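Shared chain: chain A. Partners: chain B in the first complex, chain C in the second.
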Partner chain A sequence: MSRSLSDHLRVVRRIARWEVGRSAGTIDRRTAAFALVALLLAGGVASTGALAGGVALDRDIYRVGVSPESPYYDAIASSPALDARPPTVDRADVDLYVGDGYIVADDSQKSRAALAELNDAVRRYNTGAMLAEENRTAAFPVVVSLEYVQRGASIPAGATTGASAESSSGTAGESESGRTGSAGSDDGDAAGPTPDSSRSAGDGSDDGDAADRDDDSLSVPTLGGINPFGSESTGSPADISPPFPFASLVLAFAFLVPMNFVVQAYGGTMLNERINRRGELLLVAPVSPGDIVAGKTLPYLTALVGLTAVVAVAVGGGVVSVAAVLPIGLVFLGATFVGAMFARSFKELTFLTVAISVFLTSYTFVPAIFTQVTPIALISPLTLVVRDLSGAGVSLGEFLFSTGPFFLCAVVLFALGSGVYREEDMFTQRSVPLKFLDALDAHVSRPRDVALVSLLSIPFVFVAELLAIAVLFVLPVELTVPVLLLLVALVEEAAKSLHVFAAFEKGRFARTTRTALLLGALSGLGFFVGEKFTAVAQVVGLPELTLGQAALGPSGVGIGVFSAAGLLLAPLALHVVTAGISAVGAARGRRWYALSFLVAVAVHTAYNLTVVSVLG
Partner chain B sequence: MIRVDGLRKTYGDFPAVVGSDFEVGDGEIFGVVGPNGAGKTTTLKMLAGLVEPTEGTATIGEYDAGDAEMRRHLGFLPEESPLYEDMTARSYLRFFADLYDVPREEATRRTEDTLDRLELEHRDRRLGDMSKGMKRKVAIARSLVNDPELLIYDEPASGLDPLTTNYVLEFTRDLAERGKTVVFSAHNLYHVESVCDRVVIMNRGEIIARGTVPEIRAEHGETSYHVFTTVPVEETDVVGADVTDAVDVAADTAVDATPDTDASAGPETYRSVVADMDAVESVRSAAEKAGGEVVDIRTREPSLEDIFLDLAGRPPETRDDGKGRPVAAQADGGVETLDGDGGDRSGHARDDGGAR
Partner chain C sequence: MADPRLTIAKRELSSLSREKTIVLILVLQLFVAAFSSFLVVGLVSLYDPGQTASYEVDVAIAGDATDELVAAANEVTGVDPHVYPDEATATSAFERPTQTGIDAVLVGESRDGRVYVSAAVPDSNVQTTVVVVQLREVLQHLERAEREDRSAWLETRPVDVPPETSSSPYYGFTYTVLVPLLCFLPVFISGSLTVDALSEERERGTLELLRVAPVSLREIVDGKLLAAVVLAPAQAALWMTLLSLDGTRIANPVSVVVLVGALSLLVCSLAATVALVSPERRTAQFLYSVGVLFVFGGTTLVPNNPVNTVARLAIGSTDATAAFVVAAYAVVGVGVYVALRSLVGDVDANAL
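Up next is the complex of A and B:
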């Protein structure tokens, strides 16, 4: 008698409620009270920070001596990083001193960073003030420079980059020692705090807006044109070129931190079911293993979503941030679930969960550093968070590209772990690799299952290949492409053959060459079908990168490489042949499998190299 | 109630259960007997739907074993009582009652009633703080929260002290009297003999004997006669074709004429073990010829254990796991199960020989 969805949901809810109650029972009241107080304090601090304008990691780190009457005062006061001090303060105690028409900065990294921050603060202030203007045309005038040149003559340098040229001219005066020079001031009378201090002055050369326009709401002198602060080499992460979204990145990282705590608790409770066969009684109850896993996972997933939402509120993220972090959390849980099903002890589980945390944190965090540099960054959903926090938009295609593999990986991970969530596998002590083979074998009972498992391996293959791209793309293409092609072949051949090997080892199929060839063909076909889904990569143009083409193109997407027939048949033939080679070896035992696997990888790599170097 | 046809389970190349066939009627207490590795637990787990048979079928009433709906009518008690130690007895039982869709009031009434019958106190104490006997009672109560028609109890008295063991056995009898069908396994053959209506004896995955205990005794056991005499009787004195054959069978090697210190038989008596009344007469004649007399004759029925040992030979060789616990030798090098929070490779013995 099959049960309805509502029956399943009712059971899942009951198990989830029990899991919450049981887990609560494992913490003594004093610890719980202490944790609650700590949580409330942290929440209070976060809320206060949010109400006060969001979290500022660099709050008041630069001290600026400035008079309240100074036109810079409001801009300085509005910047969280700048701490306005009275002008009477000892100049040795401040990083910057804003006088009447001049600015004094010490010749130190911190002073230069303070100067850059002042520059940004003034720019933000000006922009805000201009945005408040009713007359937007006046606030944001469009300046068109026309320069007539002879037909056929080359375009003068700078003609199309006027803004940057102007900007760069504005930074003139920098000394070789890194001192910030004064572009518009020649008097040198603005004594710095130390004899070798550098001086910066408001340009006052061509505009002097504030001084001339007392009735103007733009009371702060514009910093356009000649830039008195300079914009290079101040040591601030914001000065790194290309732009490095430091603050957003750090805040995005805040989403990952709570996950590590949640998955530790989750891994513990899942392994606890296996210790002393505790979970046996649930297995004999009228509930399915899926209900049990879902019920035990639900509280932790809810906790993850709740924590993510809290962090999002605290750091100023929106729905996009929460939606982007959710698949990361699911993969965290899925991988931890698999780890808990494979581990033989809490010690081994700890090793696995730490490995999972390190890998996933690296995988999600490192690409996000390049948010504003390359589409490769989108392989991590954390990039979406960074973009959300920095106010950049996220298209639906980008969202799907970034989160899709994570969702699919999470689904496959839970399916993999659920495969061994049964009496015969749960309570036995086998090494992690053997458990992995057990889990694969649990999903292969008929030949067609081989094709399905190959297809379901695609998210992992995709993620592994994207990771390889992300790791290798900084190196010279001539060096990395061959390495990448080898890695791709390794990953894909493993995905196509491991479950076939597991099935043979478990005696699922007769160890005959004919059977092996059939299974190899099915595995290759399933993988080929799944691989076609990787075409989603084109949504963000990743294959336009050389490495993207190398990883996703040779045997897979290959758009524009072959004719239509070749495009379809060549990768299919490759996958069927190489999977067949591995399967024949797998049918003969472990050593033969290892040997045939290497042969399959060699064939695959040769194919990839041929496509890239000869045809591509 | 239960029908098992050609049930077989192999782990890789290792046959844990080899083609079992048996039936169990309603309200019957059915014993499954055998040493470690005999296939008892695997058989019970296949009945409970925990282990998928490699071949054969097992039906429970109108359901196949393993059918989720069948589990609503089943109470399973594993060999150990792996409880959630942070829960109290009441909350633990309430949770399982919920899983079986037992209405809250009914669950409370049933749980309290069962715990009363089991004489379990401290029902709001953490399970981790309970003694092994108390935990076993909670586990038994859990097997009854859904008021099942079929109970599968694997070594219900395993590791319990004699008092609690007797209590559990009495409780099992009581369950059968209330109409429950009980399938019951045990190492301790005395327990099976004292409780079960019918028995199968398993060894190395095979059923080697079946029936009621008297039937098995009649088919596989031999009644022996212990003849106590005042003088030793030489084997050569017990002559005659019938007599000689009988003596050889009963005593295996010869007449066991050893001094017996049994007070009831007197201080200077010798015991001869023979197989039938003709041999008894032969011993009496030989004793008289030697100037002595027969002072006592006792009849001894073989126990189930005697029959089992006779049928199965020595139980599988055991070794010590280094922690004072015996571990069954495993044909394939074996599989160890998770046991203990430290996750040691503790070598907990699997009853099925556990080849995975």
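Up next is the complex of A and C:
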């Protein structure tokens, strides 16, 4: 039955409307009343707490014996973490003892921590006391004006293919020293303002032209406009508050926490279809499973986009921010959909959702810390948000590199889930790994499908390899390259062989060596073609990093020396051979598959090591 | 015949282990704890670079207050002062970091009885924080020395700062964040399990079958609650054992487990109430998570809140009120449970 696009759209719209209506129906008056009660209760708790003196998780954790006459008493009493006890207390019952002109601390960790806390408390107290002084010049003899200067962008704004060996060695050196100096700043074409723009010779503190000048405090806003580094300000040394370097963490939570609520509801509604065969009614209707899934997803996707837009406006982001966060939301929905298709019970779904959420949060957050340090940061779309908010430009190539894998992953996840959106899978109870094999098998009915599934696995392989690079990035290069090569081989071999194994287990193909070799060759071919798309990594200069070379080099990406046709085809031969090895094992059953998989990984790793050492 | 409540609780626990959910729960907790430790240790070492000690901040110093600035910089470990003849040369050195290694510029001018320092630091995320922290340290030393010179004009003398120590900043974090996190995550998870366990029976219609057996609705709810409630203190005990094997001493483990048990009873009873009164599992989970997030977040503002109580019990800084506070939480927990029981009595089981 072939229907026009408008028919599909009509069906999708109708299902979406029905989904919205049904969900709205469950929020009855009673639920609303309960939500209100919960909110009022929370508000009440919070306001009594605020009256009682603000958040202090470390309230009274260190006990200090001190007499009220001691000059330190007021400082101790004003510090929440220090608990002032009378000097008559047993010395064993306190962590610090402040006597007349001496302080007793024993050698325990706790005692030293208490002393450090006392040190901070006294400094704070002194600053407070000085504020009350008449003579301002004597009380605050030092006036500091702090300026944040951009010393040339460390990530070149455009494509870096023209960069010479000097630049790549500079990048490798940086990873060791933590420096962000860049060799490219002389060109003057870097994104930021030039260092001299706001500097007048001899006198940095009295020219009143800085826009964000605030004479009372030097505190750099931690999240005022996300870019905590934009302004210059003046005050006493105690007013300096170092910028919070993990703006991306706050972003990750600002964007992802609201998403969790939407996704929780979405997972619930999908699993609901599978309970008591409720979804069967919809399945027998003259609509395709794809339409049902699209229709049921649409309202939640709309909610996600709306929430993202609200958050983006709240933190001061623009269209780029919303466009960068959208693919994260899509992957979140896609993964939850697959989770809801696999889960056996609500409990299992709850934890699958939490696991997905934790993984996505860390995957998007950790690389974004290094926004200004290394191009690896771009594997997280949040990096785009950080750069959008700080006013740095985002090129189209960077945007595609960052969001592309996420978009493709989302598409593949939905395809995977829709494959099992059918009666025989929805209403049976199997463990999650078996369901996963079923879902893979659902897409393999003819030998050439094997090649297609291999090709579709590329976004996941790419994401996994990027994650490995990001995790191993901090370790020394000699150690990480072999580990990385092994990981790459593991991920790629799994991507090439799991669906072949699933198809054999389901009895889709005859278990002969000839078939196995054919399937292996097709799988290798599909993977080889897909791998060529990873060339997008070149756009952001990732291959210039040593680890980037290790991960992407063996597949022929970004390596100019592969001019001979034979060498160009070497990766193809590799993928065909290793996929063939594991396919032959897969045809004989689970044990043989495990064994042949290990052989394939070993061959792959050996090949990678050879290529890297020859090139290096 | 065994108590039906125990039978139901055992069935709940066995379904958790069959689905490997319990493994996933433990792995997730470990991951969250490791992740937050990684974050905080990273953060703390940034804000207190003396801890890592490997990173030297090279500061270019110029201007007529150079001597005072150099003296102050020498007081701070990890700061390396370089004197330049004037601001222009210092600035140009700062702008060529690859050749000079200069991380920051301090230009001091004495004027009107004060020292005016203009500082320039690089604008690059993590490094900026390290440099600014070190500069602040230098400038505070300078301020203290200058104040000392002007003490004749001050009414109150500043209190002497106690000696610096090499204390691990990780110490405070372990007790105020890590231990409470590992104690309360299981509690929230148990609450979520209670919601799922009850609403699942309702949605699948199996509650009806269960009621055909010679058990009352009250016993069913009790059994499910029992399984969820005991899980949390068991996990808290496990984490504390692991922490003490790792060298983190927990001062009052028994009191902490009792407190976690009391809160677990409280949260799970609330979760069961939410599951019984909400029309659907989605609504129940939503209400539960919003409620827990806001109410628990709100309590951190109150003295003797659960997080702070666990921190003080674990670090061993309790006073006479500690036992009273734990008992109070237990009383509240039992109170909510009793309220739940009376609610279950009122619920028309056939309408579920």
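One rule holds for everything that comes next: the second predicted complex is superposed on the first by the 382 of 616 C-alpha atoms of A that agree within 3 Å, B and C clash if a C-alpha of one lies under 4 Å from a C-alpha of the other, contacts with A are read in each partner's own complex, and residues count from 1 in each chain.
Going forward, contacts are C-beta pairs under 8 Å (C-beta built on N, C-alpha and C of every residue); 3 or more make two chains touch, one makes a residue touch a chain.
Values in this document were obtained by computation on a predicted structure and should not be read as measured data.
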| item | value |
| --- | --- |
| Touched chain A residues, chain B compared with chain C | C |
| Which superposed partner A:264 touches (first chain B, second chain C, both, neither) | second |
| Partner chain in contact with A:404 - chain B first, chain C second, else both or neither | neither |
| First, second, both or neither for A:348, with chain B first and chain C second | both |
| Partner chain(s) touched by A:21 [first = chain B, second = chain C, both, neither] | first |
| Partner chain(s) touched by A:285 [first = chain B, second = chain C, both, neither] | first |
| Partner chain in contact with A:482 - chain B first, chain C second, else both or neither | neither |
| Touched partner set for A:11, first chain B, second chain C, both or neither | first |
| Touched partner set for A:447, first chain B, second chain C, both or neither | neither |
| Touched partner set for A:149, first chain B, second chain C, both or neither | second |
| Interface residues of chain A shared between complexes with chain B and chain C | 26, 275-276, 344-348 |
| Parts of chain B lying in touch with chain A, wherever the complex brings them together | 12-13, 45, 48-52, 67-69, 71-72, 74, 76, 78, 80, 82-84, 86-87, 91, 95-96, 98-100, 126, 142, 335-345, 354, 356 |
| Of chain C, residues touching chain A in the complex | 15-16, 19, 21, 24-25, 28, 31-32, 35, 39, 43, 46-47, 55, 87-88, 91, 94-95, 97-98, 107, 109, 112-129, 132-133, 135-136, 139-140, 142-143, 146-147, 149-151, 153-156, 158-169, 171-172, 175-177, 180, 192-193, 196-197, 199-200, 203-205, 274, 277-283, 285-287, 289-291, 294-295, 297-303, 305, 307-308, 311-312, 315-317, 319 |
| Of chain A, residues touching chain B in the complex | 1, 3, 11, 14-15, 18, 21-22, 25-26, 274-278, 280-288, 343-348, 422-425, 427-430, 506-507 |
| Touching residues (chain side chain A, partner chain C) in the complex | 23, 26-28, 30-31, 34-35, 38-39, 41-46, 48-50, 52-63, 71-72, 75, 81, 83, 95, 103, 105, 109-110, 112-113, 115-119, 122-123, 125-126, 129-130, 132-135, 137-151, 154, 170, 178-181, 183, 192, 195, 199, 201-205, 229, 236-238, 240, 242-246, 249, 261, 264-265, 268-269, 272, 275-276, 344-348, 350-352, 354-355, 358, 362, 369-373, 431 |
